[in-house]
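Two complexes, one shared chain (subunit A), two partners (subunit B, subunit C).
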Partner chain A sequence: MKFFSGFLLFILSLSLISQEDWAGPAFRDTRIVNGHSVETNQKGQLKFIISHRFGSINGGLEEFYGLDQSNVRLGLDYGIIDRLTVGVGRSSDQKTVDGFIKWKLLEQNTDNTMPINLSLFSSAAIRTLNIDVAQREYPFSSKLFYTYQVLIARKFSDRLSIQLMPTLVHRNFVQTTSVNNDVFAIGGASRFQLTKTISWQVEYYYTLPDQLADIYNNALSMGFDIETKSHVFQLHVSNSQGMIEKFFIGETRGSWDDLNIFFGFNISRDFQLGGRKYK
Partner chain B sequence: MIKDILLVSLFSLFIIGCSYENEEEYFDETLPTANPSDTANGNAVTFKDVVKPLIQTNCVFSSCHGAGAPSFRGDFSIYAGLKAKVDNGAIKKRVIDQPRDMPRNRPPLQEFQIDQLKAWIDEGAPNN
Partner chain C sequence: MHNRKWSVVFLLVFCVLCWGFNKNKSIEYSEETAISVILHELGEPLPKHARPDADEATIKRGFELVHEGRTTGPNGKKSKYISKYFNCTSCHNQVQEDPILNTLNPESRLEYAIEKELKFLPASTFYGIANRESWYNDDYYKKYGELVKPANNSLAEATQLCAKVCSSGRYLEEWELEAILAYYWSIQVRVKDLDLNESEKAQFKNPTNKEESISMLKRKYALKSPATFGEHPSNFRVGYSNLEGNSERGKQLYKLSCMACHQAGGVSDITFDYSPLTFQKFLRQIDKSGNYNLYDIIRHGTYADKGKPRYMPLYPKERLSDQQVEDLRAYMKSAS
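Let's look at the complex of A and B:
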C-alpha cells in the first residue's frame, strides 16, 4: 500500500513536466483487443462498447466454427476529465460485473521531452455466477478480483505504436494452497496503421512462470481496427474468450497450437454528454 | 494538486477489499471425494461412491447443472440428468476428450478423476 502510494506520487511529479505539444493518440481506441490501451476518453465522452467472443474455431462446421456460442460484455466508459476515465461492464462469462478507473498521467510530446504515454489502470470485478459447492458457505470476498496495470506506450510514428503493460491480477479466493492469489504478467502490444482508417493490432500477455497450472496459457490476440467518425470496429481472434483482465490473465485455456481460438469483435459508439464537441 | 490527491485516494479505493484466502484452508470440513486408487486397483467405479461425489463437487451448482437446470443444460443432481448427457456423448466430448472445456469456472478435473469417469461410462454408466 505504501509502495503503491509512493509510486503514484512519483508519477504525479513527472506529470507536471509533460503538458504541451501532445504527439497524438498512440492507439485509436481505449481497448487494444482484450486489454486496455493507454488512451482515455475525452471529458464528457461516453463510450458504449459491445464485445463478443464466439466459440472455438476448431469446433468445425458442426459448431459453425464457434459462431453458435457467444460470450458478451456490455460496457460503458465515461471521461470525467480528459485524462480520467471510469467504466463499468458486465460479462456473460461467470456473470461478472466489473468497474475500472484509468488515469493518464503522462502524454508523449512532439519534441520528446516526454517520450512516452503512461496510464495507471485499476479494476475490480465481482463474479455473480453461483459456482459454490452446495454444502459450503463462502464469504462475499471470494467473488472479488482486482487488477492493477501500468500502461506505457510510445508512438514511434504515425503508423507504429508499441505498448508495455506490467500487470498484477489479484484473486481473493483460490481453490487450493498451491494456487497463487496474485498473478504477475507483462503484456506487450503494438498497432500498425495500414490505411487511414484501418490498423493491425497484436496483444500478448506473458504470465511470469510457475504461477499457473499447465492447462492455462498466455493470451495472444490480434486483429484489425476499423475507425469511422464515431464508431470503432475491432475484429480479432484470440485464444482467450474472456474480455476482462481476470479472465485473459490467469484463466486462458485456449491454445493457438490446435486452433482452439476464438473469433470476436468489439464495437464502440461514442456519445458526447459534456465538455467540448468532437474533434 | 488537490485534484491529484483526490485521484490518488480514488485509486486507493480499489485496493481495499483485497484478501488472501483459499478454499482448502478456509473450510475445515472435507468434502466426500472419490478414492484415486479405485481405478488403478481395478476396483469397480460405482456411481454412488465415486461418480456422484465427483459430479456433486464439480458440476452441481445452481447456475450450472444444479437441481432444476433445464434439460439442454442437464440437471446432474439426479442420475437421470447425468445419464442423458452420457448417452448423447456430451460428457465424453466436453469432459474427457481434449480440449476439456468442462468443468467451466472451476479447476479442471485431475487425471485420475477423468479415468474414473471414463471407466464408469465404459461400463455403461450404471446406477450402482
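Let's look at the complex of A and C:
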C-alpha cells in the first residue's frame, strides 16, 4: 500500500511537468482492438461504440465464415473532463454489464520532458446470466469481475506508437480451485499509421503462466482503424470473441493455430454534449 | 435706456469670451487614451454599443465569455456554454493583428502574426471591434442572407448572430451581451496604435475644425472589415494562375492558421499534424471535392447542419489571399 501511494504521488508530481506541448494522441481511438488505449474522451464528448465479433472463421462456408453468429457490445463513454472518462456497456456474451473509469495522468510532450502517456484504468463487470454449475444458487457477488490496468504508451513518431498494459483481472468466482481468482497479464500493442486516415493495430495480452486452465489462450488481435470526421471504424480479427477484459484476459478459447479466430468491428460515433475550453 | 446699452455690451463681451474659451479648449489625452474618448470630445456621439461606465466585474465576465465560452453570472452560478463547438477565440484574435490599422492586408498581417506569435484566423480581431461602424460586411450576405442585415449596423446584433448561428450556439442572455459589449469597449483602439505624426496629434488636440479632426482620426483605422469571398481556381492542378507559392510562408501559414484549429485538442475534430501523411492526403485531394480540397475548404468552408454543428468557416480574400493559398500548397508539396 505504501509502495502504491508512493507510486501515485510520483506520477502526480510528474503530471505537473507535462502540461504543455502535447505530442498528440498515441492512438486514434480509446480502444485498440479489444482493450483500451491510453486515450480518453475530451470533456463533454459522448462516444457511442457498437462492437461486433462474429463466429469462428474456421466454421467454413456453412457458417458463412462466422458471420452467422455474433457477439455484440453496446457502450457509451463520456468525458467528464479532458483526462477523465467513464463508460458503461453491455455485452451479449454472458449478458454482461460493465462499467469503467479511466484517468489519463501523464501526457507525452513534444520536447520529451515527459516521454510517455500514462493512464490508470479500472472496470467492473457483472455477469447477469445465471451461473450453471453444480445446480447451485450462487450469490450476486459470484458474478462480479474487476480489472485494473496501467496503460503506458509512447508515440515514437507520427506513424508509430507502442503501448504496454500491465493488468490484473480479479474474478470473485472461479469454477475450480486449480485456477486463481486473480489473473496477472501484460499486454502489448502498437499502431502503425499507413495513411492519414488508416492505421494498422496489433494487440497481444500475455497471461503469466500457471494461472489459467489449459483450454484458455492468450489473446492476439489485429486490424485496421479507419478514421473519418466524428467516426472511427475498426475492422479486425482476434482469437477472442469477448470485448471486455474479463473475457479476453482469462477466457480466450480461440486459437490462431487452427484459424479459430473471429472477425469483428467497432464503430464509434462521437457526440458533443457539453462545451469546453478549446486550445 | 442706459441699462439696455450696458446689457448689450455685457452680452457681446460674454459671447466673445465664450467663443474664445471654446476655441482654445484643448483635448487632454495620453498614448493610452481610447480613440472613442477623443472622438467624443470632438463632438462625435457615442455609439449604441458604448459601455463607458462598465465596472471591472462586468468586463471580466465578458472576457471569460469570449475566451472560455462561459462565466460566473450575476447570480453566482456558472453560465451555460454559449456554444459547445466553438469559443469566440476560435475565430477571433483579441489583440491588434494588423501592423497599420487602416491597411487590412493579409500579407502584412501574416508578417505581423509571425512577429507577435498570433494566430492567423478567418474572422477579424475583437481589438477595436467597438470602433468599427459596420459588421458582417459585403459577401457575408451570401452566406447568412437576411440575417446579416440587422448585424450590419449593430455590434450587439452582430454578436448575437455570431453566438447563435456562426458558432452553432445559442442567443446570449441580456447580461451576457452587456458583459461582452463592456469587454469590447475595454479593448478599443488607442492613440498609440495609430500612426499619427505630431501635426496630426495637434490637429485633434487643439482642433480648429472638429469635423475634419474626426475624419482624420477615422482615416487612421478601418471602420469595417471588408469581406470578398473567393473562388477556387479554374484548374485545380495548375492552381491560381500566375501565382507561385512560397513554401516558407506556407509553413508559417500552416502553423498559425490551419493548426490553430486542427491541432490535437483544438476546436476541430479533424486533426492535422506535420506528418508527410497529412500533406500527402491534401495533395491527393487537390482536385477532388471534399474537406481535404485545399481551395474549396478555404474559399467556401463548410456549413453547419443538423447532426453536424461543427463546421469550418471560410477565409475571405482579405483574410487569406490567393497568393497565400498557393503558399500553403507549396509548403504541403515540400513537406509531403
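Structure notes:
By definition in this document, the second predicted complex is superposed on the first by the 264 of 279 C-alpha atoms of A that agree within 3 Å, B and C clash if a C-alpha of one lies under 4 Å from a C-alpha of the other, contacts with A are read in each partner's own complex, and residues count from 1 in each chain.
Quick note on the criterion: a contact is a pair of C-beta atoms (placed from the backbone, for glycine too) under 8 Å apart; a residue touches a chain by one contact, two chains touch by 3 or more.
Predicted, not measured: the structure shown is a model, and the values here were computed from it.
With both complexes placed on chain A, subunit A has more residues touched by B than by the other of subunit B and subunit C. Once the two complexes are laid over each other on the shared chain, residue contacts for A:245 go to neither subunit B nor subunit C. Legend: residue contacts after superposition of the two complexes on their common chain; A:25 is shown touching subunit C, with no touch to subunit B. Applying the stated contact rule after C-alpha superposition, one finds that A:270 touches subunit C and leaves subunit B untouched. By the touch criterion defined above, A:39 lies against neither subunit B nor subunit C after alignment on the C-alpha atoms of chain A.
Once the two complexes are overlaid on the shared chain, A:123 sits against subunit B while remaining clear of subunit C. Of the two partner chains placed by superposition, only subunit B is touched by A:213; subunit C is not.
Using the contact criterion defined above for the overlaid structures, shared-chain residue A:131 touches subunit B, although it does not reach subunit C.
When the two complexes are laid over each other on chain A, subunit A has no residue in contact with both subunit B and subunit C.
Across the complex, subunit B is touched by residues 1, 4-5, 8-9, 12, 56, 84, 94-95, 101, 103, 120, 122-124, 129-136, 139, 141-142, 144, 146, 148, 170, 172-177, 179, 181, 213, 215, 253-255, 258, 260 of subunit A. Those residues of subunit B that touch subunit A in the complex are listed here as 4, 7-8, 10-12, 14-15, 17-27, 31, 56-57, 60-64, 66, 98-99, 101, 105-108. Those residues of subunit C that touch subunit A in the shared complex are 67-70, 80-87, 89-90, 263-267, 269-271, 273-278, 280-281, 291, 308-310. Subunit A contributes residues 22, 24-25, 42, 44, 82, 158-159, 193, 195-197, 229-230, 270, 272-279 to its touches with subunit C in the complex.
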